[in-house]
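Each of the next two complexes has chain A plus one other chain: chain B in the first, chain C in the second.
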Partner chain A sequence: MEKVGIIGVAQTKYQRYNPASHAELAYEVTSKALEDAGLTIDDIDNTVTVCNDFWDGRTISSMTITEATGSHKSPTTNVEGDGTYGALMGLMRILSGLHEITLVVAQSKISEGIPSVITNAMFDPIYERMLGLDAINSAALQMRSYMSKYGVTEQQCAKISVKNHKNAKANPYAHLAMDITVDDVLKSRVLADPIKLLDASPISDGACAIVMARERTAKRKHGKPIWIKGVGHCADAYHLGDRDLAEVDALASAAKRAYKMAGIRSPLKQIDVAEVYDAFSYMELMWMEGLGFCDRGKAGAMVDSGLTEMNGALPVNPSGGVLSAHAVQVAGLARIAEAVLQLRGEAGGRQVDGASTALAHGIEGACGQGHCVFILGK
Partner chain B sequence: MQEWVELSDTGTLLTYTVTRYAVPGIQPLEPPFALGIIKLDGASTGLVHLLGEIDLNNISIGLRVKAVFREVREGNYLDIKYFKPFRG
Partner chain C sequence: MKMLVGIVGVGQTHHRSKNTDCNGQELISIAVKRALESAELTMADIDAIVIGNMDHFESINYVDMWSVDGSGGYMKPIMKVTTGGTTGSAIGHAGFYHAASGLFDTVLVIGWEQNSESDTTAAISTCFDPITEREYSAGAIGPLAAHYIAYMTKYGATEADAALVSVRDHNNAALYNGYAHLRQTITVEDVMKSAYISYPIKLLDICPRSDGACAVIFASERKAKKITDRPAWILGVGDCHILVHLADGIGLANLPSLEIAARQAYEMAGITDPFNQIDVAELYIPASTAGVSWMEALGLCEEGGGPRLVRSGVTNMGGKLPINPSGGVLATNPIGATGLLRIGEAALQVMGKAEKKQVEGAKVAVATGFGGCFWSDITVLSSLPRLD
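Right after this comes the complex of A and B.
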């Protein structure tokens, strides 16, 4: 694959309610990402937005942020999905040979909607939607299935929440940064058992943007581009009953493709830091398995060993992850932005010393139906 | 696969949850209510549905369940009212 570099990143602070409009959020990160890249909007010859009509509360919502992203001046396409897929589209547009510098923008104003009503609408209107399924209780079905199959405990899941909310204290963009205990998680209000309030990510307003460029342009325009070394994506079946919810085959397939492209044979040894889409505590455990950091069913034991803590061999979600800030559509792109900061050595208090290879991961659909994995390097 | 396969109205619970929060407009029952994935006898995959006539604090994977149908057919998925525990 021809080298493509990430030369600009920006995020807003994530919060429960941001009075800015969705277009203002998009404008903030567009401006900051351009500034970070040392570019102006006139340098951008391709834009990818990451808008979803349901979350944005209007149809053809990508058309509402053309001025805010400056994309009225260049070709623009929209990806309706997680931000990692927006980055994937941006990468493909550059690799097509048609574009030099691509801006990818994702924004989310969840505070304007009712998340469970919106996530209920991702289910089949004839069958599953009528059951009141949404992102939370469908995830509860998966968490139960995973715990039961492999003997993973609620305590092990709770440790993810403790770790990530603590990590978030060093991330100025995080929404929920706090010191909590495993007991706090276990005693928090049950939403849909076994998922408790502190097993679940918050709902956050916020935005993220990245700027990508082909190799020669990236080198010319920016002192230290971060290179996309590999990418892979894959999706499982749609209906929950058609899947083994305790398994992570789609993620394993996505990871395998990304690793092959990046020349990674031993992910635990070769990857220095991972930012994964932990919408719920148990998901981080499952995604560790799908990403090949441990065998199936062994992520609980890996977390018990402290390996994924900030001082462990593979810090996972130094930013605090999605558990500490969940702007839907944005969160996967934020994983990429955080990975870039780590590789630049600009992650401040959440910096993993000497990080030279990073993994960023996004999901879409119920219970992590689809996965997109990026491997980034210096 | 070309032929229709007739399935039983009984099956086994693969996973479950009890929803304990209210979302006006989308939930078929007042919370708390139970949902599960049921593998019908004769099927190779599961289906998600409601669990009824059940102690919400005493549900377990592997439970045998049987479909309870609505008295008057309305032509939608909730013509199966829910699945209830059943011995057999």
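Right after this comes the complex of A and C.
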């Protein structure tokens, strides 16, 4: 693969309700990402927006941010999915040879919608929707299934929440930064057994943008381009009953593809920092297994060992992850933006010393049916 | 362009007003199977999938994930692209980019819609700003009507000119396209006597809404040559989403987005004399009026020359530049698939596989997409890997 570099990143501060409009959120990150890249909007020769009609409450939702992202000025498309998929589309547009510099923008104002209704709409309309399935209670089925199959405990899941909310304290963009204990998590209100309030990510408004460029342009325009080394995406079966919810085959397949491109044979040794889509505490454990950082069912023990803490061998979600800020559509792109900051050495108080290879990950659909994995390097 | 990409397979369902035979996933699977059969491939040959539709027509969130039982996306890379009416052309372009990137060799692109499951106009009406525009937005027909009033006023075009386009497209569908939704032979008089929907657009001037799906297989140069002797090479792509407010489009006589998109695609493809270089066109004409007023944006005639072009008969079957041999959007409109059908039909023409619709000796074809707020996409296809 030809080298494509990420030369600009920007995020808003994530918060429960942001009075700014969708367009204003998109404009804020578009402007800041351009500034970060040292470019103006006239340098951008194509744009990928990430908008979803359900979350945005609008048909052709990309129209909401067309002007704010400048995408009316040059060729554009809209990916409806997690922001990582938008980044992948942006990458492909450059690799095609037709475009030099791609702007990718995702925004979300979940506070204006009803997440349980919006996520209920991802289930089969005839057989499953009337059961009341949504993102939280379907995840509860997955967490239960995972714990039952592998003996992972609620305490081990709670440790992820403690770690990530603590990490978030060093992330100025995070929504929920706090010191909590395993006991706090276990005693928090049950949302859908076994998921408790502090196992779940918050409802956040926010936006993220990245600018990517072909090697020659990236080097000319920016002192510290961060290179895309590998990418992979894959989808599992649709009906929850058709899947073994405790397994992570689609993620393993996406990771395999990304690792092959990036020349990664031993992920735990070769990857210095990972930003993964922990919409719920247990997800971080499962994704560790799918990403090959440990064997299936062994992530609980890995977390007990402290390996994924800030001072461990593989810090996971130094930003606080999705548990600390969950703007849907945006969150995967934010993982990429955070990985870029780590590799630039600009992650401030959440910096992992000497990080030279990073992983960023996004999910799609219910219980991580789809996954997209990026490997980035200096 | 570094890498050549070709279309190697096209499949579609029999489109109709209301599909009650099967669910959406099954509808998708019919189009996918037909595309695979046409290319003599199996699902195992597919490296990645792109799917698109408009969410509020079926009310299914994360269609990429929902679709896997019908799309064949189980344990494969799949993503969703959607841009409103241009979804079908945008997914076609996304399929092109997948293959052109070098990341995937063989890419399955699927557009679909079960419009009968929604109130189409109500769903479309939420596309404009909820505070300043939604109150008075009433679907797609009004803006198209205002658009043609401006064109008639500026250039002296008539309602009868639009009726010629309606007759051409409907009759092509009736005579040549077994997959089309509306297959009725009509006359100019029928069109002129049909009821006004929104002046000057009458019932027979406007597209239907359809249930249907289309699947098109794109392949990298190396792979395409292995699959078929005569792929439809993608020589140019262009898109332009220049306007965003309802009021931006009203009063416009011409279609600047199509002009800009066409310029991009023609330059890429090496087309300098569109009327003489293009053999056949499959155009996203949502109302017959647009079949008159958008011709100059494509460079097919001089400014204001749409009526002359249409009256001359050159765009009819047997003419110098047949437009919409398939019957186009006026006959068939499963919205998320509509733009992809244009690409698929154009590909069949240059592959010499268009059967009764075939324009003899067609080597260069263009396909367009229209939607959003007067947005346009365009694709140039050819049996030749490059134009001399």
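Keep this in mind: the second predicted complex is superposed on the first by the 378 of 378 C-alpha atoms of A that agree within 3 Å, B and C clash if a C-alpha of one lies under 4 Å from a C-alpha of the other, contacts with A are read in each partner's own complex, and residues count from 1 in each chain.
Everything that follows uses one rule, which is that a residue touches a chain if its C-beta (ideal position, glycine included) is under 8 Å from a C-beta of that chain, and two chains touch if they have at least 3 such contacts.
All values reported here derive from a predicted model rather than from experimental measurement.
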{"item": "Contacts of A:245 with chain B and chain C, given as first, second, both or neither", "value": "first"}
{"item": "First (chain B), second (chain C), both or neither touched by A:104", "value": "neither"}
{"item": "First, second, both or neither for A:140, with chain B first and chain C second", "value": "first"}
{"item": "First (chain B), second (chain C), both or neither touched by A:191", "value": "first"}
{"item": "Residue contacts on chain A - larger count, chain B or chain C", "value": "C"}
{"item": "Which superposed partner A:128 touches (first chain B, second chain C, both, neither)", "value": "first"}
{"item": "Which of chain B and chain C A:148 touches, first, second, both or neither", "value": "first"}
{"item": "Partner chain(s) touched by A:334 [first = chain B, second = chain C, both, neither]", "value": "neither"}
{"item": "Touched partner set for A:271, first chain B, second chain C, both or neither", "value": "neither"}
{"item": "Chain B and chain C contact sites that coincide on chain A, given as residue numbers", "value": "126, 239"}
{"item": "Chain C partner contacts - residues on chain A that touch it in the complex", "value": "1-2, 52-54, 57-60, 62-64, 66-67, 71-73, 75-81, 85, 88-89, 91-93, 95-98, 118-119, 121-122, 124-126, 231-239, 249-250, 253-254, 257, 364-366, 369-370"}
{"item": "Of chain B, residues touching chain A in the complex", "value": "14-21, 23, 25-29, 33, 35-39, 45-50, 61, 76-78"}
{"item": "Contact footprint of chain B on chain A as seen in their complex", "value": "114, 116-117, 120, 126-134, 136-137, 140-142, 144-145, 148, 189-195, 239-242, 245"}
{"item": "Complex contacts: residues of chain C adjacent to chain A", "value": "1-3, 23, 54-56, 59-69, 73-85, 90, 93-94, 96-98, 100-103, 123-130, 237-244, 264, 268, 371-373"}
